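Notes follow once the structure below has been shown.
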Amino acid sequence: MSNKFESLSLQNIRKEFPGVLALDNVSLKAEAGKVHALMGENGAGKSTLIKILSGAYTKDAGNILFNGKEINITSPNDSLNYGIKVVYQEISLIPEFTVGENIFLEKFPLNRLGAIDWKKLYDDCEKLLQGIGFNLDVREKVANLSISEQQIIEIARAIFQNASVVVMDEPTSSLTPKEIDKLFQVIERLKNNDISIIYITHKIDEIFKIASDVTVLRDGKFISHRNINDTSEEILIQDMVGRKVDQKFERPLNTFSEVQMNVKNLSTLSKLDNISFKLHRGEILGFFGLMGAGRTELAKAIFGYDKILNGKIEIQGNVYEKFNTQTMVNNGIGYVTEDRKGEGIINDMNLRENMSLPSLGLFEKFLIINKVKEKKLANQYIEKFEVKTPSSERLITLLSGGNQQKILLSRWLLRELKIIILDEPTRGVDIGAKTEILKLINDLAKDGLSVILMTSEMNDLLSLSDRIIVMAGGKISKEFSKDIATQEEIFKAAAI
Amino acid sequence: MKIFSWLMTVIVASTLSFSSFANPKKIGYIVNYGTHEWYQNVIFGLQSRADELGIDFEVMDANLDINKQTAMAEDFMTKAVDVLIMTPVNEEGVVPILRKAKADGTPVVLEGNPAKGMTTLFAICDYDAGYKAGDAVGRILVSRGETEARVMDVGLPLLSATVLRSLGFMEAIAKHVDAVKVHELDGSGMIDSSVEVASAALAADSNINVIYGINDGSALGGLQAWRAAGLPENDLIVAGTGAEGLAFLNEMTKENTPYLVEAAMFPEGVGYTGMNLAVDLFNGVDVPEHKVTPTLALTVHNYANYYSFDKAGQTRQINFENVANIPTETKCTKYASDL
Amino acid sequence: MLKYFKSNESILFFLLIILCIFLSFYNPQFYSIQNINSILRSSSTVMIVAFGMTILLTSGEVDLSVGALMSFVTVIVMDVINISGSLFLGFLAVFIFCLMIGLINGLVRTMLNVNSLIATLAMMLILQGSVYIYSMAAIYNTHLLPFFTFIGQGFVFKIPMPVIIMLFILPFFIFLLNYTKYGRYFTAIGSNPSSSSLSGINNNKFKILGFVITSLLVGVAGIILASLMDTGQQGSAKGFELIVIAAVLLGGTSFKGGSGTVIGTILGILILKVIDNGIILMRIPQEFQLVVPGVILILAVYFDTLRKEKNV
Amino acid sequence: MNRLYKYLNNGEVALGIIFLIIFIFFSFASEYFFSLRNIMNVSGQLSIILIASVGFAVLLIAGEVDISIGSLLAFVAIPLVQIMNHTESVMLGIIVCILFGAIIGLINGFLSIYLGISSLIVTLGMLFILRGAVYLYTGQRPISDELYSDFFFNIGNGKLFGTIPYAALVGIVILLIFIFIMKNTSYGRKLYAIGGNAEVARLAGYNIKLLKLSAFVICSVLSSVSAILLASRIGSANHVAGDLFEFQVVAAVVLGGVSLAGGIGTLTGAALGVLILAVISNGLGMLNVESQWQMVLNGIIIILAVGFDELKRRKN
């Protein structure tokens, strides 16, 4: 690979899975020194395309050209040899390894005896990280780092040695604005080194900051390739969704009186420190916090998943000091996790079974589950949310992330609910589904459901929340009512 | 008090030293399967004699782990026992131990089967024990006017000792009537596996009139399988081996039981003899290479001479004297090496 | 009925039929009532315990202490009935003891968070040792209660009692795993414990329940075994845990939790037992009783893997 | 302070402290325990389990398991003793024995990796198959060492300068080599990586199948080394050898903090696990504790030690 990298072309790529045509005649050209954005809803085929590039899948038809010459990628090794590096959306690091080990995972530096040269490894690693503007303890175990720090390691790993193409799959989804800025600087540097970047994101504003070209896929098909100067937000959304959507979303100023849940002085061993707040009936309470602020921890503590050290929760007059998830579910609370794969879906179950898991009591008569009734209700929600599946009896693992998320939401909505805790409900969800989900949240609140909305999407937060609580370092740092909340103020409160 | 006990010790010690032979102070016994009833009774016999002689007697249980047995031999040598008694988990496995013990100067007495490099052994004759039971069964068959013995042998091919028992049993019967081994089974020496394999075998062919078990569990397992299959017991004869514990006494003393013969091996007697042998070896007395311990075919008529059995209290008491008076071979008819 | 056979089960069913046909050609005795009864009787204790083990494996746990517990049960039941002369007290003692052991296994697993493979391995050692602390000698039947003998050795309409007991328990587990929420919960807990907990399921409660059910079933099997042996025998049921686990795995339950069926388990046990029986019928060296199940286990799981790969 | 806390929280240090407490306890409780002779004996005795445990731990770290090692112990001793008896060459016997071990490792690995059958199932099947094969081949009679050579005797029974058992030396050398490999070579780190997250490792371009296969072979080969030591100690290829050996190894390795889920744990920890169980066994024997109590105590200690470790992990 001594010759200089110029371009990588994917031509008429086709990939079929049993029953699904994942990619149909898709083409894309990545050129040295340019950022090529790849967009599309969930299930559009972006992940499949990347996996073909990285050698995780092999294509059924089509060509891959490297500097104009056809190449064969049949294994991750082939891909790495051509300098194609992928930064995956899901963290793909070894948690028990140190930062340095993870970055040099592909090739450990060896000394003359053939053993790992630890000093060189850590020295090089430190240099590399400083070179791209990040400071991390290279000897720390990755398991002890925050998600955003892990994301940085992913990126560093991809670029540490002779990359020609770096594929980034939603790299900013868990980064703070400051870190995103740094990432963009890194991308600029890569561009200057004639490296090509394939950049996948849902955040349209990012594209206009860094990309030169945009390719849009929909349902496994190639839709458009546009120069960034020839396009606009509206056009891109239309390309992705296939129809015009109103992305803007407003919620009128509301006042609430009936307290649904009262959290008092909640603390946990791990992070939370003396958290108190009230949640009203029909209210959407937004929570904002940077990585490590303790939002997810709070959600899990309230829901009874993590043990609390002290404090209590009052729900409609009942006071709980000791409780588990069962207590909360019985009290009409639901929780949608941010970690769909790890904590959400159950692989061995189909859609129906995944959906009805917490609510089997609804279908139970004399201990027997009425499967007909269960199926009916499941199908109702599959239709309502336009889940793309041939039937409710399909294994959930065969669905795309967005569709899985819809099932997980349905898991709670098909039962009588008073409060729902949503942790990043739109993460990794395409724009079409995202708007649907946001609208649904609004409708549910109108019907009297109380919503705790934890999201990093500032727009969603501001447009939906009736109040916003900002967390930092496991504490509540500030509370805003809808009318006075601004993006700047929120960031200020979060960055304490 | 302390002075008194000290004085006693001195007196006892000095009297002992005046006698022509000094008893060993400490003897260790590595048992292969110490929780088994048979070995419980062997240990009882060893301990009884050790107590009589004032010997400190310790037991370690290899629990059928051949690796552990080697480690335990080393441990006993560390504990500086005067004599080491061993029932090998497997007789071939102790050859290196014997070599080490020789280098260490620890005399070793084996129980059970001979091994290369050993000095002395105390054991029953497995072949002869089986033979005696077979002989008794043969007589009963003749007295019943039967001309053929159709035998289900609930055996244990894992051990040469148990194979010898089956062999002796069959050869003795053949002296009286035609002997056919209809089934040759591996009951693992356990009652539950014996029930299982015997059930299957009886389903294949239940034209049987003799069940032989290489130990009590195997014999009872065979009998239980027979009962569970709902077969008539009138013409059946069951013979077990070992007189390991209470099992055969319980069954044999029932009304109308087919369990008529037990090749008794008197484990308590085995232990008692073994302790004497160990003391002799320690004292440099000329010991036989194989000290045979008594065996006898027990029936409901003669068992009381050797065991007083309390059925309600579930205890048995051996009569060491009567057992010692049983005429005993000086040499076995067949050994493992003859197989 | 056919609807309840998932594909894996049909493979096993097919295998079983072939085995039976083969054996009956070889030895017509195979189809004698006596032989079938012998197979079914020796299968029934394994099956009874395997119902519980299926639940445990489905929920991602395992219990290696079943064999040791079973032999302990034979000793307890015989001893207590001997002393009290009451079947009821004997059974009560067994079930209280089993309940306790199941609870301890479950609590060690959930509260101390010890991997169940290790926790129950340790329990196996503890039970194997403590049964001799309870009594060094085997306990013989001195109560001579006819009903006790009937449990293991009796027949009803020519069907052995252990089989009838098994058939009595079986529908309960088919019902439990297929038609109630508990079946779903066990699957969910085994497949993704975080998710099931976040769905309001008390994982620990159901895991403990799984251990307790298994132990109680061991109690039933142990009573049958005691009756069959007419003895309370320490050291009996040696290697029983491996047979049960092998049969459940052969039946298509995954060791990683999440999928398992009672029908599959039953087929797995029947296959293993028919092989055992066939080896004796055909008078093949009994050593093959070790080799053949090993090969079958690997092959069956291999076919299952192939089938699953095709489906994805 | 923080550093001290971190240090004490390290699993191996905690195990080391447990070991020391046990060691000191037995030293005071038994007059025989704390003697050079006994300590040397124990170090020789535990080496059989130690060597197999090293291999087993390597395989566990790589995310697979092999519970057929007990049967393997009995199986590979057969070619060892047979060849020794027939050719009078101990070395040839050892080589063929290890070769047999490697082949079984390859078979286990092939079935689980290339055919995709869970390694637990494959090796459970292999456990039955190998034991059955041993019974069939030997007719359940041990094959004794008829060569009776000093060299072979000394492998498992001899002592360097009359004090240090050769077996212990073999064990320590193998342990140190593999500690080094697992810690400081890219091969070792790759095994950790595939055990920790196989998908990540695959995307990093590792040949996972080959790496896992090699771990199977290491496990089987090291178990074969254990088999050689055992054969020397029992002077035969014995059909009852290695029964329930796999349980002892699993208990020791997990006690040592190696995770059954793969990717976590160290060989130092595994060795400490072996050491603790061996010392307890020896100490209780020295105290003349009855075997049934030994079993009970062993069970309780395993639960407490692993439970304590887990609780501590959860607190963090």
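Each chain carries a letter (A, B, C and D) given by its place in the written order, and its residues are counted from 1.
As a working rule, a residue touches a chain if its C-beta (ideal position, glycine included) is under 8 Å from a C-beta of that chain, and two chains touch if they have at least 3 such contacts.
In this text the structure is predicted, and so the values were computed from the model without any measurement.
Each step here moves to a touching chain, and the least such steps from chain A to chain B number 2. By the document's definition of touch, common neighbours of chain B and chain C comprise D. Of all chains, the one whose Cα centroid sits at the greatest distance from that of chain D is A.
Contact tally for A-C versus B-D: the pair with more C-beta pairs in contact is B-D. Chain A and chain D have centres, each the mean of its CA atoms, that are 43 Å apart. Chain B and chain D have centres, each the mean of its CA atoms, that are 35 Å apart. Chain C and chain D have Cα centroids lying 30 Å from one another. Each of residues 140, 291-292, 295 in chain D touches at least two other chains.
Annotation for chain B: residues 35, 157 touch two or more other chains. Every pair of chains that touch is listed here: A-C, A-D, B-C, B-D, C-D.
Contacts from chain A toward chain D in the complex involve residues 54, 56, 75-77, 80, 86, 88, 92-97, 101, 105-108, 110, 114-116, 118, 269.
Those residues of chain B that touch chain D in the shared complex are 34-35, 58-61, 63-68, 70-72, 74-75, 78-79, 89-96, 99-100, 116, 157-158, 160. Chain C meets chain B in the complex at residues 27, 29, 32, 34-35, 37-39, 41-42, 132, 136-142, 152-153, 155, 160, 225, 228-231, 233-238, 276-277, 280-281, 286. Note for the complex: chain D touches chain A at residues 180, 184-186, 189, 192-193, 196-197, 199-205, 207, 263-264, 315. The part of chain C that touches chain D in the complex is made up of residues 108, 112-115, 117-119, 121-126, 128-133, 242, 245-246, 249, 254-256, 285, 287-295, 297-298, 301-302, 305, 309.
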